[in-house]
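Going in written order, the chains are labelled A, B and C, and every chain counts its residues from 1.
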Amino acid sequence: MKHLLSTHDLSVEQMISLLETADYMSEINTRSISKVPALRGKTVASVFFEDSTRTRLSFETAAKRLSADVLTFSAASSSVNKGESLRDTIETLSAMGVDAFVVRHKSSGAPQQITQWTNASVLNAGDGWHQHPTQALLDTYTITRSFGQLDSMKGRTIAIVGDIKHSRVARSDIDMFTRLGAEVILVAPSALLPSHIENWGVTTASSIDEVINSVDVLYMLRMQRERISASNMPSLREYSSHYALTVERAARLSPHALVMHPGPINRGIEMMVDPSDLPGSRILQQVTNGIAVRMAVLFTLLGGDLTATATGGTV
Amino acid sequence: MKHLLSTHDLSVEQMISLLETADYMSEINTRSISKVPALRGKTVASVFFEDSTRTRLSFETAAKRLSADVLTFSAASSSVNKGESLRDTIETLSAMGVDAFVVRHKSSGAPQQITQWTNASVLNAGDGWHQHPTQALLDTYTITRSFGQLDSMKGRTIAIVGDIKHSRVARSDIDMFTRLGAEVILVAPSALLPSHIENWGVTTASSIDEVINSVDVLYMLRMQRERISASNMPSLREYSSHYALTVERAARLSPHALVMHPGPINRGIEMMVDPSDLPGSRILQQVTNGIAVRMAVLFTLLGGDLTATATGGTV
Amino acid sequence: MKHLLSTHDLSVEQMISLLETADYMSEINTRSISKVPALRGKTVASVFFEDSTRTRLSFETAAKRLSADVLTFSAASSSVNKGESLRDTIETLSAMGVDAFVVRHKSSGAPQQITQWTNASVLNAGDGWHQHPTQALLDTYTITRSFGQLDSMKGRTIAIVGDIKHSRVARSDIDMFTRLGAEVILVAPSALLPSHIENWGVTTASSIDEVINSVDVLYMLRMQRERISASNMPSLREYSSHYALTVERAARLSPHALVMHPGPINRGIEMMVDPSDLPGSRILQQVTNGIAVRMAVLFTLLGGDLTATATGGTV
């Protein structure tokens, strides 16, 4: 495995292996000195053409915990503004000795394209509406470690609620969850469902109320206020009446059901309830697991030194 | 001591202990390899909702000298712009494994509020007009180490000049200086004095000329040009005639008197003299001491490993 | 050698010594753990008053490979905007314990001026139209290591093409190339040649076609679209007809000739050919060599520990 561009690149065995490596990384993160020299001397470039402090900091923290050096390239203040091409940017950074690029870009396929211009590893940190594979890994990690081990995914019912059409998180999650044996229900107005989902192996529902009693996982997507009209809903109130998680609805969840969200939360839109009031919320656990999962991916792609992760390794 | 939110949280014994730890950190900073692994594996997040390159770099440098990893969260380019709440921001960063938050915020009390949302330590790096406790510590350190040891604060006369009303530096300094036995005189137009200072244990003066001959420390505050009209002064010239440090006035200071300023200096407003021409200036020494004092605070709050500060500790 | 402000400061012996140190740094960069503790505990401040992600990242990467801590000062978000003077900025950072300043500034001579305000080393990373000495070093390194060792510079013909007048790269390259024995030809419209070049020891040509057959090195400068009219050329097409590298012209280069460019490339202006189609292109090699050369300069100025660069040194 050299790159991580899409969940489609991963076999089920590779997913399982990455999640087991994440278990090991989670243990490192609980140590009093939560840093190991596994990637000492490696350089990880985070190259974000779209703002995302949250995902960028998660990757950068993961890299630092493994003692890699981090080179932050912010498109906003760079030669990209002088018209430098994406290719020239990548080739230049690559020539500086970058070992892995962590890329976010508004165009689907940009990370794939970048692999042609560098010998470094490329990690997709979100491209257009296409894919966000580390999000799917951390979501899977969160679900399986909440319910037990990996086969706990089999037969579980997971509802994904909101703007499926424009969501790379949804596309990555759907692929990984279904291949690991979960049953996925998409809950969205028809205008916010992608056109061709016949082969996705999912079912649909048109209101959160149809699924709220029976799901094992309720996965809420971020809903942008300006997309509500595109959903053929006349108002925020109309949208919320079908698709928001309210206090009343939360009360109808099974006691064991998990509530998840990729963040940042839109309070008052899709989340009409405070997540800290929900015993089943795993939203902050997702953030914590994101560090461990990204450590596992960086470690695996960059051929980290396992002996350098043992307790007592000097940094 | 878990947090440092205000000078009011510190007993005199705790102040003295922090300043003694700062002595130790000052010694580290003079070594040829001025870095120790005392906070290796710890993550310090600097979370600045108001720009302050100077204070932010001081804290980040302090953290790096102790081998902590630094995670810089800049409000400007973050989800805060997408309407994410302060609470969600803090909870998310906290879930990434942050050990200490260094917070600057325009609202008084924000750092206190943040302690409710995280198990990490919180350091107030300036909140509204309220407090800036590490500034008070570094100012006290500068004064006491200039005059001798800590009891040199007793009976010293310190004039604080300028916009007291809007100054968190003044509030923190006044509390710490008076509790350590100094006599504090506030020199400001009445419009720039806070309303209720009866219980502060200070006296006031309405011109710098009333105090210039007798002070041990002349502490100049930064005066913002736009606040001069609010001070009921018709002009910059009028303000300067009462409250600026000029060459003539500087000549009337006692030979042993110190001149201090929290920076950045407003040349031509409160400072009509070049500080590098003043033998008593400690303005750059304050910056140097800021590193040592912030190392001491981070080290103390995060339970750093003292053996890892010895000469020859590997990083 | 304490500062590196200009190529004029370097004797030929010092140039050769820096390039030999860069050979050693290049070797470090090919190790599986490409990081050495030679500058552990040193702090390098990169202080850029003009945007240049490329040069800044090159210096910062170089510093990190030697285990220095990097403090990034961005003029955009700093007190400079509140009117703080350059001097106050430098004195403040210096008081924080900076060991070396890497400075870019739009004013010629700013780095020289800065040496008066600090005891730290100052490296000029580009000042106005004046100098960019590490660029000249990396260009010289690239040429000499392509052709053999240093005396391979003697008698070589190097054409520098484009906007010489406004180029600090050209000024630094011309000085270093000629002093090492190369023959330099400036190819530019007369409006883009500096006024007084009689003593520079160079010749001129008014079209790239006059030199393309015979040069050992074709050094293309970045041409800004808005300067084309200043060159008395009526159009981009007119400029390109004399000064751009096209596919046809590239075919007329000697098989051994090198094509170089300081970057970022302006495709469709001075570069009408894709550099990756040119076997003689050293443009990406220049970027790679930039890291090694800047490591050599930082190491030399800061008195790095040579024993700490051996294989197996712990970081």
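Observations, loosely collected:
Heads up, the rule we're going with is that a contact is a pair of C-beta atoms (placed from the backbone, for glycine too) under 8 Å apart; a residue touches a chain by one contact, two chains touch by 3 or more.
What you see is a predicted model; the values in this text were computed from it and never measured.
Shown here, the protein chains touch in all possible pairs. Interface of chain A with chain B: the two copies contact each other largely through different residue positions, with under half of all numbers used appearing on both sides. Rounded to a whole number, the gap between the C-alpha centres of chain A and chain B is 40 angstrom. Shown for chain C are the residues in touch with two or more other chains, namely 74, 314-315. Listing the residues of chain A that touch chain B in their complex gives 29, 31-35, 51-54, 57-58, 60-61, 64-65, 74, 76, 263-267, 284-285, 287-288, 290-291, 314-315. Put simply, chain A touches chain C in their complex at residues 37, 40-41, 43, 67, 69, 71, 73-74, 77-79, 82-85, 88, 91-97, 314-315.
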